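In what follows, a structure is listed as structure tokens, so that the remarks can point back to it.
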């Protein structure tokens, strides 16, 4: 019983170090492919469009309701203390620094990261990656690097859009649910928040984009076993991205204050 | 030119609307069938609900523990930092944090994590069964896949989301207290004050957990059942499950929060 | 001008798949690598373009040893040796024409403004010109195979490797693919290696046959020699009988 318990821990540890090793190696390969920065520009533009433009609706929807949820939390205080001057600040602060980057990062991982894993994994199981190699095209420069770069850039830009929409949503719901006037919201928002708060969130967004891109590419190209394997790869990729986002959020919050 | 553009535009909008309505209709039918299926005891294997509860719990325990305790510490850190700048009075951090966690942050964050872990798992599993024709084999032997596959996951998910939510709340509060004490010198006995927590908070928090716990298996089960056959089918279904169940959680959370604020808080 | 295998071994973990493969193909010649399923035929030819690395032994392409080359050093080899995969491995995200245009464009084989024309010409050569703007998921397996062949031709290769080109096709499509392979090899003078267990194609178009059995080349020689062989294992393979001396993995 006890030995099997330790055996299972040991096994998990091996699997985990295997994954971490794989991701580190992928990171190394990407860095190598970037020196000199020769990668496929057509694929890069195509992915910017596909990952960015097509995620705008889901990001807007998420951000809008996130702003709403945040303003409701802040409104609990308004009801209790009549502290209208706190609403804009409270909602803005949490959206800028924490809830915005995390929720948008998770949604991006769900929409773009998992899609990317599914696509790459399908290409592996249907021999399309070998097909590329056979055509003397380097899969790293053609497939992986453009996707990694596109994801980092797009999560960063989408977080800017998302933050604006979330604040807009917070102001709107603040008015209708908590009865805070737009002017009151804006005063509280603009007087207490600084550019530093926004930058804090945007740095996080760029790093979350990197985490999601590495994870989703790694689990995509290391897929095993047919269509069933593709599903598993997507599942593992989103879980690893969520873990990565939360853990790095913790590390980053400490280091960029 | 303009006319053609408008025609195309309206055709696209109409197309989208129709597909949204078809999806909504199917989703509604699946939900109704699930509720009906709860009473079809004969179509379930014995112990299947327990097995699924174990699966969901086992799959998510470590994941929820790591993510939620990290998030708890981060949230306390940000709050204390801001208070330090303004008043410096940290005595209210604990009670307000505990209250906020229970009615707001723990339900949505736990559910978002479960939407990723459990939702993707359910869709990948059922989607794989679809492409390997196991679902057809079930139907051929006269078993309804909804009764047999989705209902046990539905019941197990509601139950386990609730339990994991309570566990996560305790964990987050402990992690938060640790952070507040460690980095800002807040005493544990000042932090652990539960009298700000009202029945309303508990009711809202529980309602959210129950709603999210039931939405995740319905949405991801639906995505799994509608998997398209082919090498990319399962991957696409899993992707849809993650994004749609996360979105369902966010919107449900918003609705319950709004109703809660206007009625009992 | 040839591809040569010398005593090539390959293991996956503890499983020894190839235990000493020695064979060669000249330019202008069609070599059929044959044997039962799972015997390591596809594994063998994937070594030539570096999709797999041998455990030991050597492989030469036009006198250049390739077994120790790094991924980047394989690029000139892959430009010279094209491969048509069993699953055709067309890119789902590109239409038929774009699939063929991709290597033309990436390797600047023809000037930018000629790419579409050249791709169309290749499609015509395999009889698929009507399907230029269709996506791979919308056409049947036989048609995919033709497109994959056109894409391989785009590389203007000296050698083409075919991995089970007729497996999974109906008999009529299979014979059409055979005819195409034969025409390409004779018209262009390419060296051709075909992995197959499809008897009609083996006896229809091969110049030479190499039979893989138990990880080794059991027979290498001309089609006539193979057909006339009295060897019981070869006889069993030709007749396709279930009883006999032949051992097949998994059964």
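Residue numbering begins at 1 within each chain, and the chains themselves are lettered A, B and C in the order written.
Keep in mind that, in the parts below, contacts are C-beta pairs under 8 Å (C-beta built on N, C-alpha and C of every residue); 3 or more make two chains touch, one makes a residue touch a chain.
The model shown is predicted, which means the values in this text are computed figures rather than measured ones.
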Arrangement of touching chains [line / ring / star / complete / other]: line
Central chain (distance from its CA mean to the mean of all protein CA atoms): A
Chain A and chain C, separation of their C-alpha mean positions in angstrom: 42
Whole-Å gap separating chain A and chain B, where each centre is the average of the chain's CA atoms: 18
Separation of mean Cα positions, chain C and chain B [Å, integer]: 50
Chain B, residues touching no fewer than two other chains: 230, 232
Interface hub residues of chain C, defined as touching at least two other chains: 92
Chain A: positions in contact with at least two other chains: 119, 122, 126
Complex interface listing, chain A residues touching chain C: 40, 119, 122-123, 126-128, 130-138, 142
Touching residues (chain side chain B, partner chain A) in the complex: 63, 66-67, 70-71, 73-75, 77-78, 81-82, 99-100, 103-104, 108, 112-113, 116-117, 120-121, 123-125, 127-128, 131-132, 230-239, 242-243, 246-247, 250-251, 253-254, 257-258, 260-262, 265
Parts of chain A lying in touch with chain B, wherever the complex brings them together: 58, 61-62, 65-66, 68-69, 72-73, 75-76, 79, 93-94, 97-98, 102-103, 106-107, 109-111, 114-115, 117-119, 121-122, 125-126, 173, 177-178, 226-228, 230-235, 238-239, 242-243, 246-247, 249-250, 253-254, 257
Interfacial residue positions of chain C with respect to chain A in the complex: 46, 49-51, 71-72, 74-76, 78-79, 82-83, 85-87, 89-93, 102-103, 106-107, 151-152, 155
